[in-house]
């Protein structure tokens, strides 16, 4: 294997191979009965990579524009070779990614992996979740079918109830009404702006993870019932394995349940009955629907949004009010809040789907 | 026509057959694979003089005793039961023509179980040489069950010369016999490797044998991933032209639009074959230490899916026949349908089992449609016919009559019956569709 | 300064501050009479950053499409607040970046900074130059004015003379003719695909630079007439200073010579006389124009392209045929080739501009 | 009108004045800044008892002797020469009205040079106390030159009450006098700091004084970067309304379209003020070790650009006047133009200097247009009038006559002359335009 030797020498003389080897030799991942949850961050990353590639491919055929958006998606799913498949993969991967990200967040929450020194990882992670939802919202709009049009319209209108929200809403819409510029804005956010911010934040997130390593849940750490697996190659290979599972799942969903495409949006038509947002906004949407027109002196939607703001702030600041030095009572409160969050998310999402359209 | 039918709402008859059949195929191919895996591994262990590996074989063989004799036989009976009830005409036809083959298969199976039992219980008592001999016998008999049954399965898809000469041997060694045998054999090896992985993964990690056996088992997949693609190509080229066209018509204007489900599932079969190869490489071969139960579950699910998808593809490819060129999937004989160009030849008199008080239309529905369509579940007619009135349904039924002008002729049996009968069927369907609109 | 202390402690407890400090303490940059050339890589980077940001801003208003491309650029430069400025900055920065990149390449070439162990830096750098030109070519097309249309058309036609080029050409055009899909393809390449590849390659380039440090020209190294400046903060601050100079230059050019916009492209009109490519393709274009219709049995344009291929291959492989271990003769040949390259580039570019349109 | 004019093709008269004026302003403000910098620095050095810093001051002061006396004076004469030749009417007007101010300024300048010479040559011979006194005198006199000349410069833009009362003092302390003085003073400090940076950077790096003096000099910019923006705002609000409108009309529909060049250049002035602040911070203050000649060159270029841009803005703001409300930039008195609504009042008789054999049209072109337009170079008429024939030019000229309907009244002096004269001018221009089409 002379060539192999030559390559090895070539690389060693030019790159800090030894430093990498030292680093990878020291890098380990805990192994215990709950290490299953460690995979969800990686799964999210995998779906993100898939989304980047399929997105680039779609970009070759998708033409943003009032006249061209829906027409080009229609062309993609009917005329372009394997276009339906690429689009279906892109849509399904986006949804699966959000599922993975949400599971990842809750697992981190319950493992208390947000506690010192990992606060920054938690914050960047929440930022990434927000960007994911932003990508979902903006991407959903791009097909410009009936549902997308009205879901986007309503979504932006909800934003407007918040003080200063109408300013943001106008930027998103490119004016006071939905139109060609709206698509352009959503497009710009979806394909360039959010992805770049995402990459930067993801870099930070992974960097923090690299520094602190995976958190071992307290109970397990105290019991000592855990081992350590080398990150390279064992954990990487396990990750690849899990990615293949995710890929299989995705392939089945994308091939057997191709993502549907509605009729072209008609801004003049009345909103179809039972317009519903994407599932990851459903719990919020359903809660907002419960709000009366006025709560005391405050507009109901605004009140709902304030509620989200407060709940979100409590959730986001958990590393601050439940730090590693806190008493067990706070930890319990955190756990209750976590369960309440899951219950709300699941129950309201289901409720949102089964609720009669208003 | 000649027997009463079992009516299953929801998943429909084919759904039940499918579930049982896929499980049966999965398990019996497992068993055949085990028949190769065990003696070969024992042989290697003895050659190496590796006592631990031998012990592994012993532990491993217990599973195959249970799997082959109990579970395999149970599902085997289950599938007889199901096809007999759901499609009695086709079952009767196959029994009439292939009773010899089934008998042979049963003999091989009996010998297989026998040798396996001896093999398992003789581990400690038989001399190594004798035990090895029993092992080879076990391997041979288990392979022979596959060799035999493969004939009947492939006959249903591609009867080949049987249509002319009605010779048993023409039917058995029909055009797709050899490629199908190759593929099934490869699958057997893969499944054997899969079970090898399962048992090996359950050994303690500290045991050096664990890693060895995981990598050893993983190697059993190599032939599959190397040869499967050739097997698939061979199979494709041996298919009757109509079936080739069908697979390809699913991709008419290749890859455009939402492909036919048949094509999509056959694509998935190929795709899973590739991803499973990578899963086994990354999971078991390159990273044996971390190859744990959780991972195996997903590997098993993938294997189950790919088996199901493959069998499903084969079944659907047979459309509109249940037995290629001979009998349509609703039990109507192709010979009958081909002579029914004149619209006045009745079908109702041939329906020998009638529910008390049912209309001719309902009887026709049960006989001609029910084996593939339910009202609201699997391939639901209420949804398909939504918005059509009786007249429109009648027109549709007329179009579906035998002959080259029937646009559905490649995927559905033709509708047979006189004009009056068709009107009766249309009336029945029209009532049903109007009565309870599908909520989909 | 209690808050400052708190922040310092917060960061130190969570991030590997010490490791960074150690790294930055050891990282130095050579200082000598030719260190001036070291800045051009940084200047290129600076322009790239500006391009990313101005590009994102333009993306909010630019609408790719046969009908909308030119119209939206026209709107940007006439109706949108400061739109003319952003566009002008984007165009000027792109051109200045290419100038900086080309100077950077030649300075690296003459410093023999491509020699072992820096071969990979050279290769990635060439890749980045190629991507820059790709970004220039695709971006130029997007305004869809007369010049852009025909320059793109001719550019792609030239590609077609190369074997396999028509395949690439069809992908770029989105078919056999120039149309809406052409804009979409150029757009996809310009705003998403090339930038992502660029980022990856840039990461590698900077990583290699970080490993090997700046090359000191042989003569200076032997004479020992050089010092070493700490990278942090001295060199970083110098870089910032140079960036400000670049920014001032850019501001003057962009404000006083706003980038022009021609009339909307009319594919049916004959190509206007004297269609010329952007200046960075001019030397190549002019050489191709010199080619007779046939050179021996070969098509003239193909021959020209082959010439570029050979010249490019010689240029790109200079680390291989003039390695650090080579004799002085090879070094001299390399220097002659470098001078020839500069002379060709400058003279043919000027010639291209003064030559009478054909 | 009353004097012959110097004709410069290409850059045009204003270009020549501009080049000389910008250099003159740059250098003389440098000198004034030095007048503050030197004594203040000496004072601080003596207070600290820092011999090295004192030595630095000494070395530094030599530059100012040369700069102030030789270069400053040379450029001062140069600018007189140029404005006298290019715009003799305006120059004559200013001399007639502000001869007192110029006299005073010349006295201050003379005293400044005198005290500077004593200051420089007395470094070793005078007692510290006396030398310091001379220094303060140098500072005072140099500031006074600015205080004086600032009156005339600002008068030309905003004559204020002078238009009514023709009082010397109203003219001197006109509306923009104080904000302009503030801005110029800040610029002087900045330029002093800049030269401080230059000399300090030339000290050997090993010398600790180098870093100290670089950071010390950099601090001289602080007032500029803190107060300049307020100075600019103050200046803006003190501008005559027409000029405010003009600056703003360049931004009508603020920031839309390609802004007027005036607005763009004033934006660049603000922008450079900011970037230079950062350059000095990153370059000299935070990173003194690397603050070398190459960097200073670019800092100087930036300073030169911002000076030029600022002066240019002020000059262009004056449009269409050379002296606000009083005299148009082509030398036509505003008083004359305002009464020329009737089209029969001739202008040609007022042109006292004619080239032998030239047509009336050419004479009018030379008098009324030439001070701002060349044929092919600066603001080229051949290009502007391309495609127009004589008749069309005549129409254009008529539109440009005095009065509120003239759309160009804010940026160009009105065209004056009788119908016959205008026709003659139009004929001349038409011939020129047709003769050699602009190649642009």
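Brief remarks on what is shown
Each chain gets a letter, A, B, C and D, in the order it is written, and its residues are counted from 1.
Criterion: a residue touches a chain if its C-beta (ideal position, glycine included) is under 8 Å from a C-beta of that chain, and two chains touch if they have at least 3 such contacts.
In this text, all values refer to a predicted model and were calculated from it rather than measured experimentally.
Annotation of subunit A and subunit D: jointly contacted by C, touch as defined at the top. With respect to subunit A, maximal separation of chain centres occurs for D (centres as means of Cα atoms).
Our note on geometry: subunit A versus subunit C, Cα centroid distance of 34 Å, whole angstroms. A separation of 94 Å divides the Cα centre of subunit B from that of subunit D.
Computed from the mean C-alpha positions, the centre of subunit C lies at a distance of 40 Å from the centre of subunit D.
The distance from the centre of subunit B to the centre of subunit C, with each centre set as the mean of the Cα atoms, comes to 59 Å.
Shown here, the protein chains touch in a chain-like sequence that does not close on itself. Remark: subunit A residues 13-16, 52, 55-56, 59-65, 67-68, 116-120, 171, 174, 180-181, 184-185, 187-188, 191-193, 195-196, 199, 208, 211-212 touch subunit C in the complex. Within the complex, the subunit A residues that touch subunit B are 36, 77-85, 229, 233-235, 237-238, 240-241, 244-245, 247-248, 251-252, 255-256, 258.
Looking at the complex, you find that subunit B touches subunit A at residues 254-259, 261, 264-265, 267-268, 271-272, 275, 278-279, 282-283, 286-287, 289-290, 294-295, 298, 302, 305.
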